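These are the structures, in structure tokens.
After this come two complexes, each holding subunit A, first together with subunit B and then together with subunit C.
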Partner chain A sequence: MTALTRHAGAVVLFGGAAVVPLVIRDAFFLDSLVLILLWGALSAAWNVAGGYAGQVSIGHASFFGIGAYAGALMVTRFGKSPWLGMLLGVVISIGAGLIIGFLSNRLKGPYFALSTIALSQVLLIAVSRWRGFTAGGEGIPVPFRPGFATLGLGHVAWVYMALAVAILYYGVEVYLEHSRIGYQLAGVREDEDAAEALGIATRALKVIAVTVSAALTSVCGTLWAQYVGFVDPAYVFSVDLSVRFALNTIIGGIGTALGPYLGSILITVLETYLRATFAGMKTGFTGIYLVIYGAALILVVRWAPEGLTGIAARLRARAAAGARGARAHA
Partner chain B sequence: MDPARPLGPAQIDAVAQLGVSTILLGGIYALIAVGLTLIFGIMRVVNFAHGEFLMLGMYLAFWSFTLWRVDPYFVLVVAIPLFFVVGLVTYVLVMKGVITASHNVQIFTTFGLSILLQNVALVAWSGDFRFVRPWHLSVALRIGGTTFNLSQVVAFVIAVVLTVALVAFMKWTHTGRVMRATAQDRDAATLMGIDTDRVYRLTFAIGIAAVGAAGVLVAPLYSVYPTAGLQFVLLSYVVVVLGGLGDMAGALIGSLIVAAVEVAGSYVFGIAWKEIFYFLLFILVLVFRPAGLFGQRGSETLGA
Partner chain C sequence: MLTLEGVTKRFGGLTAVRAVSLDVREHELVGIIGPNGAGKTTLFNVVAGYYRPEEGRVFFAGSDVTGRAPHDICRLGLTRTFQIVKPFGNLSVVDNVMIGALTRTPGVRAARSDAERVVDACGLAPYATARARALPIALRKRLEVARALATRPRVLLLDEVMAGLNPTELGGMVDLIRRLHAEGLTVVVIEHIMAAMMRLAQRIVVLHHGEKIAEGTPAQIVADRRVVDAYLGEEFVLAQA
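Up next is the complex of A and B:
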């Protein structure tokens, strides 16, 4: 299998995203595309810890929020570039990621998930209450100043920005699939004791995976805040957001490079469509897409735990077997 | 406060009030947490949708009160069997299929259930904050220098009675023993002829009945809205981890500790910061004593 066919899905996906802005200039469409790519990249970042290393976090909104607030505060409080905020966010997220990574060595399964939720709740409360600096629960509008240095970009430029990040994160995942460290991580995920017995530094690896995942999430947090132009603690640190990263990845295919992006396309399109469909109805009815989310999550983990990529692989295998069968008969 | 100075009557009253508040709050937290710890202890599943059943209990109290003027404490008579059935149905439809699955599957199944129930409530009843205001909420009781309202006291008493009844059921009845045997060793219990599926069904139903009852009880004390369960469930994770997951007596002590931290924290630092203390406590406990304050060391890394 050549590199091109192995990554055919990604080539189609990212190639398509690169071509679309040249043809379609509809702001709504481009906005959806940016969000699909950003949510995909965020899910890919989650996948590094949750998929490849098997450390399932339900608190990744912590790192997203750190990135978002670092960028927004750097601009509004200090009048500096959001890029500097991004850097600061990454540094803080690495610190927080080290803590969570350390916890992942002490806690398993549900305990680890609980500790990550606790971290995001502590940040949510701290940011909501520290009104003097963070503006508290009202949130911060991020001013739009045109230019690359201030991340004040047009829709088309944002598509390429998000695309660059998406491709970069895809590359990180592919690296994790085919490198020594990636195989070691798979060992940690499948059987930690066996991996350790083989001389793999399982503890250090888990910390690294969680920390890298945190840093990647933080970068997207900053970008998202600059793109949307508003941050508030109740959203950026919410459990819903953390679940969303996981949900995209699980529906797309956990522990696969393309899965997070496929999940992001499906969920974002579904959300946009359902929101538009139910928008005219009584208030609260927009929540219906979240009802579908919840049901989808229950059904997918039960009936198709390998997600869309798994289903695709199964269909391909069946088609290949069918073709072989046909040849044998001929 | 200067520790060297003898306490004046005002400080004694404050301390007494904090103490009474702690106990009242702790009793209610215990009823919420005891169902969670029961389900974890026996089924080895952390029910991330636990808070949503509490929320449904709160709505049951709200609608009964608003539509038919039924006092929440009478609703309880219906609520306990009703939530028992809800638990049974949820077990059969959702939990039964994942009981032997991996942690991650279980985490996301119960999380999916949580999102589903929250938003069913949102769609059905909107996101408005609702209030249940029965007459006893405005009756203030004064004992010594402390003041509290009748609703709090009745909720506390009922919560304690239900919790104690549940602990006694687990300890002294045959079914309770069968459930504990299954918790200790699923395979051995099966070999002894125990129908583990029935045990899990019963466990989940009892756990949900307990938290549904708690929802009805707390409805007059807090506002009712679709994500109301979240704050309580996060708190009950803290309680349950403090007491050791699966340890019912530990959950009682954990509830008191969390209530004390909350009450003292809000008194000293203001109500806005109260949650941060028990989350910090939570993280500290997870770091230093992840099996709980009284739990067996190492049980958390087994992931059970």
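Up next is the complex of A and C:
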């Protein structure tokens, strides 16, 4: 298999995203595209810990929120560039990631997941209460100042920004599939004791994976805040958001490079469509996308536990078998 | 090569291993036998770094490894297998072995060819691309050995790699262990199957209630009154006679 066919899905997906803004200038459509790419990249970041290292977190909103707030506060409180905020967010997220990574060596499976939720809730409360600095629950509007240094970009520029990040993160995951550290992480994910017996420093490796995942998440948090132009603690530190990262990845294909992006396309499109459809109706429908999440998750776990990439692999195998069969008959 | 000095491991009020001393020389093939719950696997866990002993010390290749992390001990050249096999179930056989090989060979491509050689040597070549969890137990036990071998150990600890095998498979495993030993590896084997142990081990250590009650050549062990009472039983001795 050549590199091109192996990454055919990514070529189509990212190539398509690169071409679209040249043709379509509809703001709503471009907005959806930016969000698909950003949520995809965030899910890919989650996948580094949850998929490749097997450390399933439901608190990645912590790092997202840290990045979002670091960027927003750097602009509003200190009048500096959001890029500087992104850097600060990464530093803080690395610290928080080290804590979570350390916890992953003490707590397994569901207990680890719960501890990650706890971190995001602690941050939610801290940021909500520290009104003097963070503006508390009201949130912070991030002023739009045009320019690359201030991340005040137009829709088309944002598509390419999000696309660059998405491709970069995809590259990180491809690296994890073919490198020594990637194979060793697979060992840790499959059986920690066995990995340890084979000379792998499992504890250190988990901390590294979780910390890298945290830093990647934080970068996207900053970008998201600058793109959307508003941060508030109830959203950026929400469990909903953490679940979204995990769910996109699980539905798309956990532990695969393309999975998070496929999941993001499906879920983001569904959500956007549903929101638009039910927007004019009773407010009782505002949470309908959560019902869809739940239903999608149940369907995937029941019929396609390996996600959309798993379905694609199965279809490809069947097609190949069919072609062989046809040749045999001919 | 491997020396245990008065190793004691307790779990609460239970003493699983009591003051066990043992000396394994380079290029020796030592067997450890004993009834269920005698402390055999616990002893392996102490040696390989999974448990820290309450008392005593473990020396490997001249250095004190007591309380060192398992991965450190593996890198020093002592690798263990697990009685309850722990394959990386979703990965292929060759990938399983390659993860072991990567400990000595950092490059993925070189590690893969190392792994292919080991897979071949362990008779797993026909299953190289199969998922580990699809293998039957006999092949999983082989995979366990292959993966450990890929880390290029000087001492190999095998924890009941013959349990649950049929006579043919058992013979194959005995042959494999013999060959590895002949190639220069130091091997310590935990096993229940006395017949295999008699054919294999140069020296046998008997554990009972966590204590070492006997040590000697297979012939000496079979003749030992305490071993017969504790473990083998009269019938075995009569059958051997």
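One rule holds for everything that comes next: the second predicted complex is superposed on the first by the 330 of 330 C-alpha atoms of A that agree within 3 Å, B and C clash if a C-alpha of one lies under 4 Å from a C-alpha of the other, contacts with A are read in each partner's own complex, and residues count from 1 in each chain.
Basically, a contact is a pair of C-beta atoms (placed from the backbone, for glycine too) under 8 Å apart; a residue touches a chain by one contact, two chains touch by 3 or more.
Quick caveat: nothing in here was measured; it's all calculated off a predicted structure.
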Checklist entry - Touch check for A:56: first (subunit B), second (subunit C), both, or neither? => result first
Checklist entry - Who contacts more of subunit A, subunit B or subunit C? => result B
Checklist entry - Does the superposition put A:243 against subunit B (first), subunit C (second), both, or neither? => result first
Checklist entry - Which holds for A:277: it touches subunit B only (first), subunit C only (second), both, or neither? => result neither
Checklist entry - Is A:125 in contact with subunit B, with subunit C, with both, or with neither (first, second, both, neither)? => result first
Checklist entry - Who does A:108 touch here: subunit B (first), subunit C (second), both, or neither? => result first
Checklist entry - How about subunit C: which of its residues touch subunit A in the complex? => result 48, 50, 69-71, 74-75, 79-82, 86-91, 95, 98-100, 102-104, 106-108, 111, 147-148, 150-151
Checklist entry - If you look only at subunit A, which of its residues touch subunit C in the complex? => result 178-180, 183-184, 186-187, 190-191, 193-202
Next on the checklist: Can you tell me which positions in subunit B touch subunit A when the two form their complex?
Outcome noted: 40, 46, 94, 97-98, 101, 103-109, 111-120, 122-123, 125-127, 226, 230, 234, 237-238, 241, 245, 272-273, 275-276, 279-280, 282-283, 286-287, 290, 300-303
Next on the checklist: For a test of understanding, state which residues of subunit A touch subunit B in their complex under the given definition.
Outcome noted: 54, 56, 58, 103, 106-111, 113-115, 117-119, 121-122, 125-126, 129, 239-240, 243, 246-247, 250, 282-285, 287-288, 290-291, 293-298, 301-302, 305
